[in-house]
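What follows is a group of structures, each given as structure tokens.
In what comes next, chain A is part of two complexes: it sits with chain B in the first one and with chain C in the second one.
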Partner chain A sequence: MAINRQIVAGLLIAACLLAVPFAAPYLGGNYVITLATRVVIFAIAASSLDLLIGRGALVSFGHAAYFGLGGYVVGICAFHLANDVTIFGWAGSNEALVVWPLAMLVSGFAALVIGALSLRTSGVYFIMITLAFAQMIYFVFVALKYYGGDDGLAMTSRNLFAGTRITNAQTFYWISLCALALCLLIQWRLVVSRFGMALRGAASNERRMAALGFSVYGYRLVAFVIAGMMAGLAGALWANLNRFVSPDMLGWVRSGEFMVMVIMGGVSSLLGPVIGAAAFLLVETALAGWTEHWQIAFGPFVLLVALFAPRGIWGLLRGRAGP
Partner chain B sequence: MQLLFEQLLNGLQLSLTLFLLAAGLTLVFGIMGVINLAHGSLYMLGAYAGALAASKIGGFWLAVPAALIAAGLIGVAMELLVIRSLYARDHLSQVLATFGLILFFNGVIAWGVGRAPLQMDMPALLSGFLEIAPGLPYPTYRLAVMGVGVVVALGLWYVIARTRLGMLIRAGSDKREMVSALGVDIASLFTLVFGLGALLAGLAGVMVGPIRSVQIGMGEQVLITTFVVIVVGGIGSIRGAFVGALLIGMCDTLGRAFAPMVLKLWLSGPLADGLGAALASIMIYLVMALVLIVRPRGLFPAGG
Partner chain C sequence: MNALTLEGVTKSFGALRASDDVTLAIEANCCHAVIGPNGAGKTTLIGQITGEIRPDAGRIRFFDQDITDWTTPRRALAGLGRSFQITQLCADFSALDNVALAVQARQGHSYRFLRAAGSDARLRDPAMAALERVGLGERAQIRVDVLSHGERRQLELAAALATEPRMLVLDEPMAGMGPQESERMIAILHALRGEVTILLVEHDMDAVFALADRISVLVNGAVLMTGDPAAVRADPAVRAAYLGAPAP
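== the complex of A and B ==
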């Protein structure tokens, strides 16, 4: 029963996402496609966070750091190219196939360093130390006046994708959707693999896993790096979507929003964070279009989900059955 | 030398304000096991209640009781309506629910009062300077804030260390189930502690009002710093909150005042200013990361 619902829900979500570009002309054109692109990009970031929160029981409150770093890599490469200033002897680049992997590498490296230090702690202390590191990166970019500081960094155009322009909203949506599909596929393979088993085992009983001879710390660190790289990709896409990066991308409010998306959608499920990202953005957009004071309604909505849907929206959809 | 003294006093004033916030937050977390992100909202609501009472009805002296009453009542209502359902939940639900509360309170203020920051006047009695040492004038108001902070800290110490209520609170933060099993009405105790924490947050808010502007988002800023304080001090420990507040308040104030100056010894002017500003902002997080790496449960872990 549970499996059936899961498959049905998955197909339904996929159908909705695939239908967006075709339905958009009847719904409001590029506005709808851009909104859907935002959902897809946030879904990548939220699902990467769920790899930590859901599978690893590692509540990272600094996930925006990797998202923002990915964005800044894109922004800074474009900045150097546009202003004809080399960076470490490199002219910068506008090619997505160069810049996006670079963004993932930088975010992954940051996650490696931060994870290596943070994973020594656990529980609330882990929440706070990941937040602390993210805040440090945030303030570094606020202070970096050369790259715009508080005001952020605007890009003159989107990256080229294998030499072609991706200014078209539809094209960019398809690229983002492919990235999401790829990330979900990798996560699914990871979760059912030996690696995922070890990660989940450590989440439910760390000592037992250690006693079985698993290096819990190592598995967690690898998960941390993978999640950081995926968030970096989301950040690179986000920078391209808006052609703008700013320290807000790295701030703790953004980290909190990612967490809310994951929890609201449902932890430890492949589709939960996707639903969470969609619910978050769509409800927010709907309320903001209705009234300027949308937070008065959105706050209680979040609160009600927390109180009455402890397994998130996905948990409600899936029902009681299943693990 | 004069600058150093002034900054030390500023640091002390920030520390005592942070302590008012941290004391409530650390008790709520230590005893009830609830991560309350909306603690900063109570601080903001206290400041707004004070600022509105002062401008609409009149006078700073009315602002303080108004802030205390508003924050206390909202705190108790919050505990009864929302927080109470969260005790048995995991941290994730708590984060989600209290994040919703932050959005709600910010929305209500934006709707009812507006987004423009409010200014709050100091009482005439405290608006001057006091010469605390020859050639060293210091704002009377900040001294008064420190005085209140010290009195509250002492009062809190007395309540926690010397009264029956304090005994229950200490016992509750060590072994919650045992206290409840001994027949203590734990639900009322929780409401009381939460209300007390809200009261202190409101007090901090209204006292900071005349020093900084009262605006939406002031709660979130201070919330993160307060979390840093209680994590450095060790969650659940009042003593830890006090030491943490002193450490973080001093580091932050002195860092902001002197980091650019110190860096100028080695670096050129604008570079030192930029780096110094960054260093000053990240100083408290650096301290927290260092403390946690050396002592993963904070300086004074409760019940350890």
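== the complex of A and C ==
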């Protein structure tokens, strides 16, 4: 029963995401597609955070750092291209298939360094130290006047994708959706693999895992790097969607939003963070159209979900049965 | 040949000497029990053997290697298996998954990302065999937090066995068990004697005298005496310190 319900709910979400470009002309055109693209991009970031929070019990409060770094890689490459000072005279810096993997590498490297230090702590200290590192990166970019400082960087156009310009909102939506599908597929394989068992075992009982012979630090660090790279990809997409990057992408508010998406959608589930991202953005958009103090209504909404759906919206959808 | 040798192991917590110059040799393939009243330092001793507590002084050797500075996972991989006094299992995993994790640990690193562990016969089959060995074959798919206390104790043992240890350190395996469950556990451990070295820390004297080849008595962190069960039972100092009642 529960399995069927889970599959039905999953197919329904997939159908909704696939239907967006076809339904958009009747709903409000590009505005709707852009909103859906934002949902998809945030879903990538939120699901990568769930790999840490849900599967690894590693409450990282600095996930926006990797998201923002990915965005800045795209933004900085575009900045140099526009000023005719391509980095190292390097021509590929406008090609998505080059710049986006580069964004993932930079974010992954940052996650490697930050994770290597943060993962030596646990509990509240881990939360605080990941937050502290993210804020350090935030202030670095605020101070970097050359790259816009507080004001951020605007891009004149999106990256080329395999040599083609992406001006169409629909095309960009499909690209983002493919990226989300790929990330979810990778996560699904990860979670059920031996690596996933080690990561989840360490979350469940670290002492037991040590007694069996697992050095859990390494597994956690690899998960941290993978999550950072996925967040970097989300950031690269975000920069392309808005053709703009700013330090807000790196700030603790953004990190908090990602956490709310994960927890509201449902931790330790593949689709929970996707639902969380959708619920977050849709409710935010609806409330923001109604009042500029939308947070006043949004707070109680998050509270209600936390109180009445402790396993998140996904927990409600798929029913009570089964782990 | 000795499986485990402790030489002058000492550990203090503030003014309390939890381990006071403990020297102990545990022969390979022997079942060696450590008994002692509450607060004698048994748990601290186990913590130092398994690597969770670092001794202030002294050396610990495992077969021909000095493991004093080794981490817990490294000791586990070298063949030092253990069970916990208070059950330590992955509560949200099934019984089978808990044991499969142990098998996975033994089969080398787990940086394997693609193949599903749940359908991997190289993990499932040995895990199932270990479960059946402790009598939990029927309960393989049950989540740990639904298992009874006695079943969890058996599962702890199954997980330890699945790592194919050269030595088992059992911290009060009968703790909190009813008489029937205890008897069953004794039978399981009896079947393991001679096959693997066992260090048994236990309060249940029936279990100790049924299983142990040698017994060490720990009092106030120090080894009062080591000997075969008959000698320990007859020793007046031991009876005064711990056994209390006259020997039968």
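Here is the rule we use: the second predicted complex is superposed on the first by the 317 of 323 C-alpha atoms of A that agree within 3 Å, B and C clash if a C-alpha of one lies under 4 Å from a C-alpha of the other, contacts with A are read in each partner's own complex, and residues count from 1 in each chain.
Just so we're on the same page, a contact is a pair of C-beta atoms (placed from the backbone, for glycine too) under 8 Å apart; a residue touches a chain by one contact, two chains touch by 3 or more.
Because the structure is a prediction, the values reported are computed rather than measured.
In the superposition on chain A, A:Y219 makes contact with chain C only, while chain B stays out of contact range. By the touch criterion defined above, A:Y125 lies against chain B but remains apart from chain C after alignment on the C-alpha atoms of chain A. Once chain A of one complex is fitted onto chain A of the other, the partner contacts of A:L241 are absent, as it touches neither chain B nor chain C. Applying the stated contact rule after C-alpha superposition, one finds that A:V302 touches chain B and leaves chain C untouched.
Contact with neither chain B nor chain C is seen for A:V32 once the two complexes are overlaid on the shared chain. Measured by the number of chain A residues touched, the leading partner among chain B and chain C is B. When the two structures are aligned on the shared chain, A:A210 is found in touch with chain C, with no touch to chain B.
Chain contact summary for the complex, chain A toward chain C: residues 189-190, 192-198, 200-201, 204-205, 207-215, 218-219, 222, 323. Against chain B, the residues of chain A that register as touching in their complex are 53, 59, 117, 120-122, 124-125, 127-129, 131-133, 135-136, 139-140, 142-145, 252-253, 256, 259-260, 263-264, 267, 292-307, 310. Note for the complex: chain B touches chain A at residues 29, 35, 37, 82, 85-86, 89, 91-97, 99-108, 110-111, 220, 224, 227-228, 231, 235, 274-275, 277-278, 281-282, 285-286, 288-289, 292-293, 296-298.
On the chain C side of its complex with chain A, the touching residues are 50, 52, 71-74, 76-77, 81-82, 84, 88-93, 97-98, 100-102, 104-106, 110-118, 120, 123, 143, 159-160, 163.
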